[in-house]
Amino acid sequence: AELSIVSGDTGNGLAFLRSQLDKFEADTGHTVTVVPMPSSTTDQFGQYRLWLAAGNTDIDVYQTDVIWAPQLADQFLDLTEAAKDVVGDHFPSIIESQTVDGKLVALPAFTDAPALYYRKDLLEKYGKTPPTTWAEMEATAKEIMDGERADGNPEMWGFVFQGNAYEGLTCDALEWVMSNGGGQIVEADGTISINNPQAAAAIDRAAGWIGTISPEGNLAYMEEESRGVWQLGNAVFHRNWPYAYSLGNGDDSPIKGLFDVVPLPAGDGEGARSAATLGGWNVAVSKYSPDPEAAIELALFLSSAEVQKERAINQSNLPTIEALYDDADIAAAQPIIPAWKEIFQNAVPRPSAPTKTDYNEVSSMFWSAVHNTLSGNGTAAENLELLEADLTELKGDAW
Amino acid sequence: MTATFDLWKLTKSVLFYALVVFIVVVSVFPFYYAILTSLKSGTDLFRITYWPTSFDLGNYASVLNQGSFPRNLLNSVFVSAVTVIGALFIAVTASFALSRVRFRGRGLLLMTILAVSMFPQMAVLAGLFEVIRALGIYNTPWALIFSYTIFTLPFTVWVLTTFMRELPVEIEEAAIVDGASPWVIITRVFLPLMWPALVTTGLLAFIAAWNEFLFALTFTSSNDTRTVPVAIALLSGGSQFEIPWGIIMAASVIVTVPLVVLVLIFQRKIVSGLTAGGVKG
Amino acid sequence: MASIELRNVRKAFGAVEVIKGVDLEVRKGEFMVFVGPSGCGKSTLLRLISGLEDITSGEMLFDGKVVNALAPSKRGIAMVFQSYALYPHMTVYENMAFGLTLEKGQSKEEIRRRVEKAADMLQIRQYLDRLPKQLSGGQRQRVAIGRAITRDPKVFLFDEPLSNLDAALRVATRIEIAKLHEEMNQVTMIYVTHDQVEAMTLADRICVLRDGLVEQVGSPMELYENPNSVFVAGFIGSPKMNFISGDKAKAFNADTVGIRGEHITIMPDNGTWSGTVIHTENLGADSYVYLEMGTEEPVVVRLDGANDYKSGDVVHIAPMEDKIHRFDGAGKPIR
Amino acid sequence: MASIELRNVRKAFGAVEVIKGVDLEVRKGEFMVFVGPSGCGKSTLLRLISGLEDITSGEMLFDGKVVNALAPSKRGIAMVFQSYALYPHMTVYENMAFGLTLEKGQSKEEIRRRVEKAADMLQIRQYLDRLPKQLSGGQRQRVAIGRAITRDPKVFLFDEPLSNLDAALRVATRIEIAKLHEEMNQVTMIYVTHDQVEAMTLADRICVLRDGLVEQVGSPMELYENPNSVFVAGFIGSPKMNFISGDKAKAFNADTVGIRGEHITIMPDNGTWSGTVIHTENLGADSYVYLEMGTEEPVVVRLDGANDYKSGDVVHIAPMEDKIHRFDGAGKPIR
Amino acid sequence: MATEALAPPATGAGSRIKSELTQQRLRAARWFLVPMLIALAVVAGWPLLRSIWFSFTDASLNNLYGAEWIGFGNYLRWQVLESGTVRWRGLLVDGAWWNAVWNTVRFAFTSVFFETIFGMIVALVLNAEFRGRGIVRAAILIPWAIPTIVSAKMWAWMLNDQFGILNDLGMRLGLLSQKVAWTAQAETAMTAVLVVDIWKTTPFMALLILAGLQMIPKDIYEAADIDGVHPVKQFFRITLPLVRPALMVAIIFRLLDALRIFDLIYVLTPNSVATKTMSVLARENLFDFDNFAYGSAQSTLLFLLIAVLTMLYIWLGKVRFDGGDR
């Protein structure tokens, strides 16, 4: 059959996908075309929704973000039956995130979780160890930043992260809140938990970074802007996804070999622990696909262990199959991946499952509240109270 | 001619050219910066420079080799050209009717035409999608040409109507007496007098179509039918969050240059005094 | 050639009525000249005849057929516009050839021949490749004339076609137009002018318009000799006829008497009237003496050759009795 | 009032030289009329004087100061354009008042007074609220004149200002312009016209232009009586002077003799020459008889009043000997 | 719909004679308008009506065809609470929406205002004769020619606080004492968007105004020169009134565009309340959130608001729909 898969994958990712598809084609005799999409997930999401709403038959398989499953569930085929032999291999939490009302909406292709990047050389210079708590991180950052500035780099900053008002801030803030024992905004059972002192404290702490250890402009940073500062050597700490790892070690990078990663710091107080927001991508089959059999075949292929292994080796993407973390080939090619297992195990999902189709709106309200706090419009406590009211209203009787 | 007079004249022209230079610098600087950026790669991108430090055409090479960029360029040319030619053709005749023939409801009609441009593009996306699928032109250049009419047509109609209104009545009357039909009046008498307006609307509409993104993204679903703005959005770095600035800037430079050439060619037609000498009054 | 008839034709622009009920017949092959004060409606009437302007009420007939609604292009007319109305983007040649190229079955050579003939006649052959804006006023006007005469219409409409030409060219063109009229199988021509000489020499009949109404229609000499109103008497002839009212007119048994400047002789000592010279004008061939003698406007006397009266001189004058026009209180002639 | 001097002024449009070296002095307060064939460069010369057009070479002086590069607005001029150049978006009133509103210290009432005065004079008072496109040709021309005369310039430039006016209005306006010239402390006026009467009656001096060059400058009667070339002789006076060359001229010891139509008498039987009547024209006050007698153009005889010669009549004519102009082979007069 | 209106205007009393010329022209007009009307009806008619219809339903992108009619619910509905107080809900009482309206309107008017002024200046400069005019014209069009998605990102890059060239330039020239995070702060974000928008669309204005300038007959400037009209006065009394039609159209289309501003805000600023515009809100609801119907209602209201503003503008600006006809 002739299949088409839509993907927001980029450059190398796309080339990798193509190479895997070639294999698939050779194995099955199907042909697959890739329809690339812009890498902005928001753009993709809108587009897919429209296509699906209009019953577009031109696309068979979609690559979906981890948070989309509940929102697009109606338009994708249930893969439970087809995948019953392999689901067990994947991390259960990921499979769970793709299961909506008992329906397996998408199969995981790879997962993603951020880490704290830090400058080995600078920490050594000032005799510091990688921080394990935010407070520690803050202090270290401040000290090194002041020291470096005095040493003649006025551009030096302590910590850069994703502070723009967008999905990325939801991820960052969820980590702060979660790591401080503040819950995960909306709990798995649907209760709205965000308005609590620990959450407020976590966000207030972050607000305190702006203008001190983080530049004002951080309020407008997305991944690339923050990486820019970091990769120029102008930041001590940096929160980002694994992709920044290989780029930072690129040949032209001034910080090549000078940095390393550790799990994100924990907060303090009750229930504090390191937390990383769960990312990752999945493959889903459109219910409008003219040839669902073949499409499911493709989806299974793309989430299979062999593809995930290739992916890990070529793309340094984190596999969703637990067994692969112990794979020697992967460990040899990407030594960082086994190390990331720890980070991954601390991963928290965003509340997309409980909030169902309202997730985007919930996320938007959350990041707005956080962004307001960061930019000094009200304290975290005030903003979270308002947020709770809004969320309650949005929730109505039930999500 | 006293010395002060000369001085004043000199100051004036110096000021004038200073203004010209200022305008050009402001307009071109970001583009210049884009060119600079397009010649950089890697971490260099994050470094501020004012002059080219390296001359690396690698980004250009990768744009042209990546996917189907040349093909997308051709698509864009085709789509924009057909859109503009079609819109101008329809608009020229329509604007004759709207500017030179008095009939009841003309103002209302003009307002209706304008109303089409008042809806946010996103809002019509769903409906337009349905129409395009119904017409069976989804994922063809015609889908874009078709949907671009929604913003080029009202614009061209309004502008040409406005300009056609200004042409002297006497000249049209002379043509009527000479036995010219409305069609002949439009094509042989009015159009040559409207070059500035035609070229201007044509260029503006062409650029609008050339740069359109949302429709282009929604109504095409394969690399071979996409246009450059989409292609640029699809240009990407090695991984998800990485934005390949160098390549994007190279691509932008590549797509902007044809437009600049187009302007250079057609701006000659933006000349004044086309109606001079025709009538007295 | 076509005969044209207007029956109670009216034309209003919005609320302003400009043509107020004109009845007029232009005969087949006739050369009709419209004269009248500026703004009286000559151009408008011409435009009504051409069909460019819809008549508000009344009837217009060409060769006995009502053409109220007929399109200009079907009326077989050619027109010279008062404001030239040249195509600014076309060369002189193209301007003149445009109408022809629209006609079917005209060969390129035929068109060229006709355009060049007209251009030669109007002495604009060397400007054929120029654009209107590169021409002088008179040259533009000639192009406008040329555009009309290259075509082969049944009716010519000329709106002040010679007003920007110099005297010599004017005479020459005037004669060409007269010739054209003769040659072209007596095509019907309607011609608006302000020039007395043109009106008098070209016209088979002159139509004097006044304020949207026809005042009098007749042959030039008829109008000159037997104007049927003070208005026509004053309008035809240059300088204007002198009007004298009051007691002096009573002596002639009229409310107003009119006498043309050329019909007054200056007497050595005693004449019918006397007046003071206030101004003299010397035109070469003749000269005018303006006299103050208590009339509304000064009385003009036309003398052959130059004269040497000075302002302030008191002279006696006598009208030629048989040339006196007498008018009643309503301005109608007493015969 | 200003004196204007042109020194070897030239003007070329691209490769075409239109003004080919003009030397001319217009005296302070003088009324100078430019005449010449259509396209000879009158309007161009006027535009050079106004400063609207840059001179290609030569010098232009106002009151002895070189003004080659002076902006038009600083030359203290008012101008009537041959093409009117009215502001299309302004009413007649605004068109006329526009220049005044810009002058400092003009009160609203003062402006209104002046505009209304000019409007009355030009009989366009009732059109003050109209836009130019709602006016007839003559009305537009009057607005153009009105716009110039409401202002208070040192120099007036008129380009065929009366060409679209009817005879009566033309005379009236002509007289008004003459009055203006007198009243306004003898402001300098330069006036282009094709009308013989205007030229002869208004001018202090006439400048005859031919093909971009000054042919002769002089008072009207000077030009009429002592033209210094065949060209001027032919150009001044209407109808045109008759030129006779060949044997008939030899008899007068000249290559060409010129005699005006009004200086020829028709003899009952034998005269100096004889010819066949080919055409007659009746203007009312006088009439023209066109005679074929072997000359290039027919000889025109002007007679007082109407005449009843028929085409084909053979008549004898005699020129008044003292009015004969004799010219040599180069077209220069023999005195 | 509009074709029926294609009859000559009724004049006063009596049966006006409908001449063949008029009829021919009306016939031609009809034929000339048909392609445009068909094109617009097909391309815009259905989508527009569909959007409006959605705004009266509970449509969601998950269930577009099962949408049910709910009347004005998306715009305004009320709930009587047990306590007896009435709670008003819906777009018309949505604070976020009205805030966005205010943002948009403020943005649109400011940007169009400056664009008009700068566009006019640029057009006047381009209208002058000087060497290299063609190249300058091409150069000036560059901001308009760069795809919005690119130029927005480019500006985001240039405005960046750390490696943005503008901060660097400002520091070097001594205009800034420290690097400013232009797009990050609510106060400067709007200004930044304005600057970029003005930069980007001034060429559009300039080119249209230039075309208008070129159509003005030259001879009346000569008359004005003679009248001694100062160039500044010439501009206000002659140029401005005569380019007004072109200017008005340029402003209308810019205003329509500015009121629908989306890309720039979306790319350039953090998605904060201070800069959210109507389109941004509408997009969120249409595609990001599961509120397609609500988004449609916002689009419809946006349409109505624009229509009202346009009509106001046309009325206040005395834009004529006639003239030019015979």
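A few remarks follow.
First chain written, first letter: the chains are A, B, C, D and E, and each begins at residue 1.
Just so it is clear, a contact is a pair of C-beta atoms (placed from the backbone, for glycine too) under 8 Å apart; a residue touches a chain by one contact, two chains touch by 3 or more.
According to UniProt, the chain labels map to these proteins: B = Carbohydrate ABC transporter permease; C, D = ABC transporter ATP-binding protein; E = Sugar ABC transporter permease.
None of the values given here were measured: they were computed from a predicted structure.
Among the remaining chains, those touching subunit C as well as subunit D are B, E. In this assembly, A is the chain whose CA centroid lies farthest from the centroid of subunit D. Judged by contacting C-beta pairs, the busier of the interfaces A-E and D-E is A-E. Computed centre separation for the pair subunit C/subunit E is 56 angstrom, with centres defined by C-alpha atoms. A straight line joining the Cα centres of subunit A and subunit C is 92 Å long. Separating the CA-averaged centres of subunit B and subunit C is a span of 54 Å. In subunit E, the residues that reach two or more other chains under the touch definition are 21, 24, 64, 163, 217, 219, 283, 286-287, 292, 326.
Contact with two or more other chains is made by residues 82-83, 86, 88, 137 of subunit D.
For subunit A, residues that reach two or more other chains under the stated contact definition are 50, 53-54, 228-229, 232. The complete set of chain-chain contacts reads A-B, A-E, B-C, B-D, B-E, C-D, C-E, D-E.
Note for the complex: subunit C touches subunit B at residues 50, 52, 71-73, 77-79, 81, 83-90, 98-99, 102-103, 131-135, 137, 140, 147, 151.
On the subunit E side of its complex with subunit C, the touching residues are 14, 16-24, 326. Across the complex, subunit E meets subunit B through its residues 2, 5-10, 21, 24-26, 28-33, 35-36, 39-40, 42-44, 46-51, 54, 64, 121-122, 125, 127-128, 130, 134-151, 153-155, 157-158, 163-165, 168, 199, 203-204, 207-208, 210-219, 245-246, 248-249, 252-253, 256, 260, 262-263, 278-279, 282-283, 286-287, 292, 295-296, 299-300, 302-303, 306-307, 310-311, 314, 321-326.
Residue ranges of subunit D in contact with subunit B, taken from their complex: 66, 68-69, 82-84, 86, 88, 132-133, 137, 140.
By the touch criterion stated above, subunit D contacts subunit C in their complex at residues 13, 35-39, 41-44, 82-83, 134-139, 142, 159-160, 163-171, 194-197, 200-201, 220-221, 224-225, 234-240, 260-262, 281-286, 302, 304-306.
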